[in-house]
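First chain written, first letter: the chains are A, B, C, D and E, and each begins at residue 1.
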């Protein structure tokens, strides 16, 4: 019996390693989840003291926090949408077309990632101030789109590169215009890549502090709230939100993907 | 190039619309305002103010760090653009810098009777605001030592932090240059309110040796607190308000005001030049200088209350806190306390650059 | 959209060429496919068949030359503007769509009504009813190819390009699909251009066959012409097996050409000679070669070569013999297993003989350039 | 792309890239030009007196002379973290893309969802986990992997670990996206040809997933090398990276010319590495610069 | 690694089954492939050939049953541990490697020396010298398939699995590769399991052929046995074309079985009958069917059916006739174009006749389940 288990593991050592890595990724979340049930001794302690459900009972106990969460979700949503659409378009053009300035644009897309966030934040702020644009929700969205764009382009491009072009040819042979071929064939096949990019964009946006902080005016996003709160100890409700967001994402995906068709065929 | 950030008061005049708009945008540090223990969505003293004056207050806890906040608003203020805030709370040195830049409005003493009456004398006549017309202390605090009695024996002096072998790698200092250097200067017998370059350099050299020797684990902001509570840090430089909170959780965590002296700082209420509700702000400031209101606030935030008469009020709310010298310091302690010297821009850059180099950046 | 197009017309390829870097895949091919005809492009692997087709479909930009449909120049047109559909050699099915949606794809793009009916009918035709909801990944190779076929056919294009559409099908199904293709082509009057390397398929289906060799058209004509009277050694060997003897022709005498091969004097009717002087190939197809035990059995007027049986292969409907001639050459003979005549054993000495009319003469380059060396059997009887 | 090009086709790519490029030029390029100018200001300027544009190229060598150790450390730590992340991320992406079956999406979200829990909260959670008083350090001390007074926090180890942790999803996602579309038949062919899973992975899977791998490496390494929060929270002053210096130059020391110069030095170094990397992988469909356009 | 293995042995499939969800692709197949033999798996598209092969290669885990090589149970073994190589139906070439590295892949994994020599030799064999540095994407379909072949063969495995390895090749090349495969197999003594839907290929190459139908083995035997004496209507029609007449058998009388079909009384030798009573199929292959203009021309002792020529197809080496019988059935006849006998015109009334020994009897299900309806010609002469 144990021999079989051992063999199974040897056969699937990748899966084993992957699970360990996943554990590594989720370990802090476990801590956060545990702390969400914590009744802290005082406002400065992050350590587990006593179990309580109060934090979950009143997740919005701390004024502003839930506003901040809602605002972050809104920003994340908008920024993801815009960045994913623009980024996918760019990635498509960059992979499927040859045109002047292509490699220049390819480089331009990489640059924001190579720029320290602080620099992005302050220099963008300078622009907004010079243009007289009031900082707030929309400047945050603009900033987020800007830095998410690069991530989307790189991710989508990676999937597009090397995608079987014969399929697009077949589509065009079957009367699909370039747009229809994209819409009906490329896009569905690209979807996992786009979804990955969107997920990435959303989480980057949702988690961004530095760029946001400079361009938010008096708008407070969730990370800004957390940074502020952390100065004087993290309220357990922050852990509740963190845990809840995580659980919500899992739940959504579980609901949408479980009743689907069985595993992919071999061909 | 860019022009200087200093504003000429004549160039940037903002009309006060308080009369027509009963609103006020108030930005403060997190957990720097009392919250109802039973209903955390209520802020009793602020709610009282709203009820009493009818002024709608938009209260935002979006100031986490003086430097960061300065970076966030400096371009707007230099360009005489609004920052959507009528009242902000900043630490002395930053208040001084902003006042120096001409970014802060003068207040009308006539509209601040409580302030005139109740401001602690030690906090009047500060160098950056000799007339007390521009920056009103919100809370004050002391920078001193703290240690966790669970993991180390008593620590009494800054010197021990820098040299005691059993503390090696378990000491943190503050990344706020004035606090760390001020305490170091005091421990060397100098006056942080009045020191020379040589004295500063000598103190810094001592710090550098300690860093090089691995004695110092990190330079921190407020985040030393959980680590101290946990015992990862055995001893550190700390702020008095935190220490009270920590002691409430574990009484073996102690705050020490070293014999050589402690550093007194204040966070000040300021009305930015571009704020449009100065009069409303003045009413709020005056509200918090009512001793009864101040006592309720102090009971929550546990910093030094700058309001005379609040102690008496506090005795009614919580006699134990009223007796706490870290909230209502006695004269002996206050006499040991110094405010760090106001630096001009040149000095500030020199000291800050030297200090940052030592702390790693 | 094809429905708005002027009616088709003949498909003309004019000087069509394609180079990939230094590789010339198609080398100035000119040919005309009459409207409504069934045209086959036959050629060895890598000779440029797929590339030619792709240029007609608009999937490859020609390096030179033009593609015309009737009077209309298609050369610069985008694929979806061409009234042309393709069955791809590699299927190129949409992996994210099921069988039904794959087949419906073209119809939907054109906004055709009655999509389900047409798709169902087409799937029934390729014997895939019941597979509507499977994804390509869940089909066998042959099933995938049938989906590809259905996907193109359902659009009833002016010109249908088929790139080895039946290669992955078993013979039964291939036969059946061949019948269906032919029927559809006749019914619809659509021009079919069918790429294949299977000369039997080409000959069964096509009105006209073009034999491609190294990017050029080697011969073009009706199947029987190509088989009976090939223009080159390549065509002779590529279309079915052929015995080619290196020979020297001495010119026409009367209505015969006299040739000498390996010391044997032989004659070929003049109307079956594409060369009558110098180095030639004398060709006889294996099924035209009969085997006799003794000289008595050889009918008068037949030409003959003595040989020894070296190999016998039973092929079900027939038997293939390999023979070794006196000069060390190899000949191939094929007899049908019609129940008459016993099988000859390996080692038997025989006389291979044929009617002079069944031989033909081809010019022979002094330096051989045919696909296979002369004197060796290549290809098989259809 | 097949087919001929009427005008519409030639403008199409431009139409497609236009909005994105405009966005980048406006909200990134323009500020960047401003920043470039700032890096050439006369360094003796100050906030109150203002800065004079002076072509002060000297800012660059000055900054480099003072802070090269920080730059080196940035790349050192980011590089180490990258290696670690590759070792961890490759099996993870592989397992999710090819072994997870119907669990795929769920696992994918497990990789990304930690980012919904704020960065700071997670890093603070790491502080709890790595605490000198925590079970992990206790365990390591018990098995003598760590000296009795040894610690994990405030060491380079903690910084690299934090960097790895925080940016790992950025490596895994594109890698996953490109592994997911791999033709399994080709992988089967490799196992059939005597390649065990590891060899298959190294000789077939990984080269075929190269676009994703390159993208992942970029997405990981670039932000990691500019990061300063991990060094600040998990490291000690001896671990500070160039990001910390830039932070301090802009916010604390108010030495904007130096901050800008350091930013450009960082960007230049990162881009230099990136271009080298892409050069190496070009011709095999590297996604970032050359695209897959054949 | 294969070199350390104990020597091969016969390959046994024991009750091997594979279900995909509700689809049973392979249904408890048991067969033995003797060591060193050339074995062909023949079957229609979708009958489970590829799936069977994949289970042998270890790429698919059987739902039930076992795979043994000699005494060794391979069932649970990972593919790279099996001394088995596969030529994939879809080529599955490594797109990131050039031709040389594709072929060298297996050798390098095993740490073999002299990689370049062996690869070069193999590439020469499949006529791809000079293509070493091309990527698969730059090759034609047939070229790709040859690379796949070379990639597997170069490893000289104990068992080589070939999944329609020649389907994309033109006839000339296919012949040649068939020859090479057979030669290699004989030289190396490797066991070859060759999946194909081309029964001529199966018959030419294989020592033993297994006919698969709907996931089950329908008949297994030497090619000639299968052709001459099929066990079922399916095998009869799948292996070459066959005329099947629905008939009633009345039992054995002497060494003959008397049958009645459409009112005609016919006889079949008893040793050629797999059923002698009740519903049967009488089968005659097209090439065994001869056509006579008048009854005088029909030799004595032949069986005969009157019919009319409805279609004539010229196939190069032969001619195929379609005939309509009096009762409306269709017959197919094939004559070789050996130069004797004129071609019959469409509409000619003929007598189709055959030697009784050339017919055979098969049991017939009251409800037909053969692939094609009886009385219709299916398949083609090999």
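Here, a residue touches a chain if its C-beta (ideal position, glycine included) is under 8 Å from a C-beta of that chain, and two chains touch if they have at least 3 such contacts.
Note that the structure is predicted; figures quoted are calculated from it, not measured.
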*Out of curiosity, which chains are bumping into both subunit A and subunit E?*
C, D
*Required minimum of steps from subunit A to subunit C, each step between chains that touch*: 1
*Most remote chain relative to subunit C, going by C-alpha centroids?*
B
_Between A-D and B-D, the pair joined by more C-beta contacts_ = A-D
*Please compute the C-alpha centroid of subunit A, do the same for subunit D, then give the distance between them in whole Å.*
15
*With chain centres defined as C-alpha means, what is the inter-centre distance between subunit B and subunit C in Å?*
92
*Averaged over CA atoms, how far is the centre of subunit C from the centre of subunit E? Could you give it in whole Å?*
22
*Once you find the CA centre of subunit A and the CA centre of subunit B, what distance in Å lies between them?*
37
*So which stretches of subunit C touch two or more other chains?*
58-59, 78-79, 90, 138-139
*Mark out which residues of subunit A touch at least two other chains, giving numbers and ranges.*
46-47, 122, 126, 162, 169, 172, 178, 189, 227, 230, 262, 264-267
_Residues of subunit D that contact two or more other chains, please._
2-3, 9, 124, 127-128, 185, 188, 208, 247, 250-251
*What residues on subunit B touch subunit A, complex-wise?*
25, 27, 29-32, 35, 40-41, 43, 58, 60-65, 68, 71-72, 75-76, 79, 81-85, 221-223, 225-226, 229-230, 242, 245-246, 248-250
*Partner subunit C, residues of subunit E touching it in the complex*: 20, 23, 43-46, 50, 89-90, 138-143, 146, 164, 167-173, 175-176, 197-200, 203-204, 223-224, 227, 237-240, 285-288, 290, 313-318, 334-339, 354-355, 357-358, 371-372, 378-382
*Which bits of subunit D are touching subunit A when the two form their complex?*
1-3, 9-10, 12-14, 16-17, 19-21, 23-25, 27-32, 34-35, 88-89, 91-92, 94-96, 99, 101-102, 104-129, 165, 168-170, 173-174, 176-178, 180-181, 184-185, 188, 197, 201, 208, 211-212, 214-216, 218-219, 222-223, 226, 228, 243, 246-247, 250-251, 259-260, 263, 266-267, 270-271, 274, 285-294
*Which residues, counting only subunit D, touch subunit B once they are in their complex?*
38, 41-42, 45-54, 70, 124, 127-128, 131-133, 149, 151, 153-154, 233, 235-240, 244-245, 247-248, 250-255
*Residues of subunit A defined as touching subunit D within the complex*: 12-15, 17-19, 21-22, 24-29, 31-32, 35, 46-47, 86-87, 89-90, 92-99, 102-103, 105-120, 122-124, 126-127, 142-143, 145-146, 149, 151, 153-163, 165, 169, 172, 178, 189, 192-193, 196-197, 199-200, 203-204, 206-207, 209, 222-223, 226-227, 230, 234, 238-239, 242-243, 245-246, 249-250, 252-254, 256-258, 260, 262-264, 266-267
